[in-house]
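These are the structures in question, set out in turn.
Heads up, the next two complexes both have chain A, just with different partners, chain B and then chain C.
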Partner chain A sequence: MIDVKDLSVRFGGKTVLDAINVQFEKGEFVTIAGNNGAGKTTFLRTLMGIVTPVKGEVTYDTGISKGKIGFMSDRSGFFENFTLKQGIDFHSRVYRLDQFDDTLLRHLGLDLKTKVKHLSVGERVLFLFSLVISQKPGILFIDEILHTIDPYLREVFLEHLLEVIDRFNTTVITVNHTFSEIETIPGRILVMEDGRIILDESAEVIKTKIKKIESTGEIPGDIPVLYKKEVLEYNEYYVYPFSEELRKSFDYQFRDLTLSEIIKSFIGGYYVKKRISRGS
Partner chain B sequence: MLKKEFQEVLKQSLVYIGLSVGIPLVLKVVLAKEIGSYFEVFFLMYQYSLLLFSIFMGLSLFLPDRNQRAEDYVYSLPYSRLRVLVMKVVPRLAAVAIFYLLFLLLYLWGGQEIIMRSSFFSTSWFYWLLFGISLSFSASADSYLKVGGATLLGTLIFLVLFTFVPNLIIQVKGGDLHSVGLDVLSLFKIDFSYNLVPFLLVCLCLMLPFLISFVLAFKKWGIQSKENYNKGFLKLFVPLIAAGFIVSTFFVYVLRVRDYPDYYLTANHRLIETSPYSTRLYGAEGVKLKYSKGGFSNFFEDEAHVYGTHETRRSVYIVRIDKENHTVETMGKIPRPKIKRFQYEIRLFRNFIAIPEHFHDDQLRAFVFIDTRRKTIKRMKTADVLPPGYKEPIIFGADHSNGKIFWLIHGRLDRYPIIKLWEDGTTEKLGMTRWAPKYFNRMLFTFQGRVMVISKITDNGLEVIRKIYYHKHISLKSVHRRINLYPVSLKEVYGVWWQKGGKANYVRLDLETFEISPVKDIPTSHFFLNNLNGTIYGIKFQYEKDEPGFHLKKLYRLEEGKLHLVKEFPEGKNKKKSDRFWISKGGIVIRQNKRLSFYSLPGMKPLKFKGFD
Partner chain C sequence: MFRLTIDAGLSVPVYKQTAQAIKVEILSGRLKDGDKLPPIRELAKVIKLHPNTVAKVYSTLEEEGFVESKIGSGNWVKYKNKKLDQLRKVLVEEEFRNFIDRVLAVGASKKDIKELMEKYLNGEKND
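After this line comes the complex of A and B, so read on.
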């Protein structure tokens, strides 16, 4: 449905995306994670056509027009001097929407005469989200916005997001740092590092491929460690790739991890590698 | 989107209108009588603030979105980048056009009385230039300050190249700014009235690289990464501006400036037609001589020849045409500075041509004397022949004594010191005069307040013939062709004294009785006298600020203080900027509505030249 081929982006002299090849299927829920500066936001903007690649291309299914692609930027920017009513009218005109679903706005008790600049961050995110879902999007890109809103609004947001996915079979590609809320949504995880995708697995599979060992001493070198964390009197070893053979060969307790822990281990591993490469 | 952009521009425009109307009102109230009328203050402020408005319109293309962090939203809309650009540019272009139209209407309505036409043109030019350049740089940075800086830099690049193109052509081809069709007198005073085509061509060639680079860079690289966008912009801009420079230079080089020729009718009724590129001499039967090295100017003539000057990049050639045999001969040349405007005044006396050689800074370098009979040139450095402190020396007369020629020169100090310069380079001081001296009928006319002193120049100095008192200072008119110092015996000369407000009062000076008598029926404006072969003609012409060209209305003969109408010329219907007339010894040439007509003097008989039917 979305085919990304050899996608490279450079800002100035710096390579931000490095020959990315990936496909996304209709109705998939994809979460992109990675350290700051890994290229996640740029990847999303390039998919949206906001950033121009120096090489490679992004192709969409022929059935998807640009009007059916929704984008929620991490900047949550909109025309500040518009009232909500003006914003809705503007968006409806541009996307030729027959009707606007104001359920979310009513839920928040927002007055349509309020100016965008007077909304709180959370209200602004939900306002923009209500604009985007009015498009009945076939594809939805969401860039790091969950962590900016309070837990209540986050829940409201996710409820509506799931409803959209159900109703329109929407492909959702989201960049996220917090996973506790989306843990239950079955989907696919991409982990990015230095402009490349270093992990691309379904959430279920990845949970089987990475385990944690807690040990007071060093563990044998035969066990592949992605990331080691010192915690008071013991160490945490994040084992990747894990196979059932390891459980048979070594007498350690290989614990399951949450998605948040898995992502954290990948990001922690990145910083360890960076420290080593700098010699500190 | 388009509606939203229009609304945004409308708001900005309303603020601008408010300031344009309000600030002059405040100034008028605060400063009351010390400034002009409200309209004057408003118009002047409007004129200059327009430039700021055009810059702002260009700069504000993307920055409001950026400041509201709404860029991601805008570029995720279901429009192509080019469409987004068009929707942003169109309202701003419309606003810029409307405010310009308003400026034009205000200028026509009453602004013409407040500012000069050249000021209107240069404001117009800068207005569009600044809009174009600020628009081109609108995506280059994140702040108004930075984009403004880039705009200034871009404007500077444009202006440097714009002035470099014509100067390069002058270096290669010779001539001056006028002859290449780009008479850029200064950056803020541009003479569009001369030739619009080369001006527009150069503007277009140098402006398009800015706009093309902007549109293509925006289309291809977007503006999310400033580094990428600016790199892309420069990648396009550098070769394009180089190409624009080469193309505009080529245009100017090959362009034949649309310049109407000048004419001169010789005493034996030969017509000389001259343009910056060539000169032709016509007899009744057609072309008698073609001179393709360039144009002539500063015509003067004696019995056998017509003289003229022909300029190249390095030199000024003094050339003469034999009026009967139609041959051309170069008499001599004097050097000229490469670019600086070169001024020279030529005097002819007997077989000698005298040229004070000085530059635009009025520093006299030398006198050049050409003996047309012997074909020799003598150059006298002014420092060697003139006392120190002489400014702007002018040769106003010449005579001979004991077989030797001397030239009469006056300077311009607080008074006018008069010097006699002999052909061997020796000088004699002849005294001082309060006003510019004249030399008629071998008599020197000097002035001490309201006293006119008429003297003869003898070997021992001056011998006063007569002192004439008059209740006003009389300025004797230069009605005798100043170039030709040929000693024609005159019966009378005319002079004026000026009333407050510039009204001229004509008087006649009888050179036999030395009586001064007022002349009443001479028109006081758009009128001049010209002495041709001893006959004084009065020329009434029409020139209106708002109408193109100069038109000959009436020709008079002036005798003993009385004007006699020789011919009245009907007013043409289609007036053109190229309408002009030329009067010389041989007659009058009139160009009206691009058609030429010729009349002989003194009889005013129509003349025909083959090729001008």
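After this line comes the complex of A and C, so read on.
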């Protein structure tokens, strides 16, 4: 339903997105991870048409109108001097909404006469979310907002997000560093590095492909290591790609990892490569 | 509402873990034949899973013969006693194997295991 072909973006001669090819299906929940500067946010913004690519294209399913595409980011600075009521009216006109869903505002006890600039960070996110919910979104882009809000509001947000997904079969594409609460939600994980997608797997499959070994000595070279971390007297080796054959051939304990640990090892591997290539 | 815990650190797929947890609820008697299961949207919100994952949990349980899905009215616990006995046998053996692995890992001998088994099984009887 979203088809990305050969997408490249350059900012002032620097390649930020490098010939990306990927497809997203209706109803998928995709999480994009990667180091700072990998191009995640630019990728989201290009998908939405905010950033213009130098090459390639993004095609949406014909069934999806612009009004059904929601976007949430911690950078969305919008109508600071508006009251909530004015913000809602504005958003309703731009997106041609039939009606505003005020469930979340009532839940937070927010007064419509409050000015946007007087909301707390968490209240802003949920106000923005209630505007997005009112769009009955077919696609929802969420850029790094989970970590900005407190645990209670995070839960409120997640519960409403899951309800929206169920009601509108929404395709959700999120950019995330922190996973704790949503560990088990994404169905598909993308890892970006230097403007490219270096991993694109279902959450189920990636967990079978990466494992951790703890060892005091060096491990044999035929075990593929993505990232090695020194911890006190021993080393942690993040093995990728892992196959069950390795378990038979070597007498190590290959341990399962959480999604957060998997993402961290990919990013850790990136920084190690970077250090080596800089020769320090 | 019954309690389900999912271990995000395991490579066992989340839908399988959830289906397994519901089967344990059935075996323990907390969910009975004919009970209504929570609607997909509600369960998704409570255990923080994607609605598609919850739908997969219910369809897996239906295939395995523990749930009946009625169009328009939701999902219901439904099983044959024979099916339940089979499941109990599998789970008991699985738990037992795990237990043996753990005590062997901390250095128990076969003799230790036998003696302790006798002790605790008989102890329970005498209570």
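Basically, the second predicted complex is superposed on the first by the 278 of 280 C-alpha atoms of A that agree within 3 Å, B and C clash if a C-alpha of one lies under 4 Å from a C-alpha of the other, contacts with A are read in each partner's own complex, and residues count from 1 in each chain.
Here is the rule we go by: contacts are C-beta pairs under 8 Å (C-beta built on N, C-alpha and C of every residue); 3 or more make two chains touch, one makes a residue touch a chain.
Predicted model only: the values in this text are computed from it and were never measured.
Novice: Let's test your reading of the overlay: on chain A, do chain B and chain C clash or fit side by side?
Specialist: The answer is fit.
Novice: Please indicate which partner A:Glu204 is in contact with in the superposed arrangement: first for chain B, second for chain C, both, or neither.
Specialist: second
Novice: Figure out whether A:Arg124 sits in contact with chain B (first) or chain C (second), or with both, or with neither.
Specialist: It touches nothing on chain B or chain C.
Novice: If we overlay the two complexes on their shared chain A, which of chain B and chain C does A:Phe29 touch? Say first, second, both or neither.
Specialist: second
Novice: Return first, second, both or neither, reflecting whether A:Phe71 touches chain B, chain C, both chains, or no partner chain.
Specialist: It touches chain B, and chain C stays clear.
Novice: Where does A:Gly12 make contact in the superposed view: on chain B (first), on chain C (second), on both, or on neither?
Specialist: After superposition on chain A, A:Gly12 lies in contact with chain B alone.
Novice: With the two complexes superposed on chain A, say which partner A:Glu163 touches: chain B (first), chain C (second), both, or neither.
Specialist: Second partner only.
Novice: Which of the two partners, first being chain B and second being chain C, lies in contact with A:Tyr95: first, second, both, or neither?
Specialist: First partner only.
Novice: Have a look at where A:Val51 lands relative to chain B and chain C in the superposition and call it first, second, both or neither.
Specialist: So A:Val51 only meets chain B here.
Novice: Name the contact category of A:Thr184: first (chain B only), second (chain C only), both, or neither.
Specialist: second
Novice: Rounded to a multiple of 10, tell me what angle the C-alpha centres of chain B and chain C make at the one for chain A, in degrees.
Specialist: The angle comes out at 160 degrees.
Novice: So after superposition, what is the minimum Cα distance from chain B to chain C, given in Å?
Specialist: 26
Novice: Which bits of chain A are touching chain C when the two form their complex?
Specialist: Where chain A meets chain C, its residues are 27, 29, 158-159, 162-163, 165-167, 181-187, 203-204, 207-208, 256-259, 261.
Novice: Touching residues of chain C toward chain A in the complex: what are they?
Specialist: So the residues of chain C in touch with chain A come to 6, 8-11, 13-14, 40-41, 44-45, 48-53.
Novice: Note which residues of chain B are touching chain A in the complex, please.
Specialist: 1, 3-4, 68-73, 75-79, 220-222, 224-225, 227-228, 231
Novice: Where on chain A is chain B touching in the complex?
Specialist: Residues 10-12, 45, 48-52, 65-67, 69, 71, 73, 75-80, 90, 93-95, 128 of chain A touch chain B in their complex.
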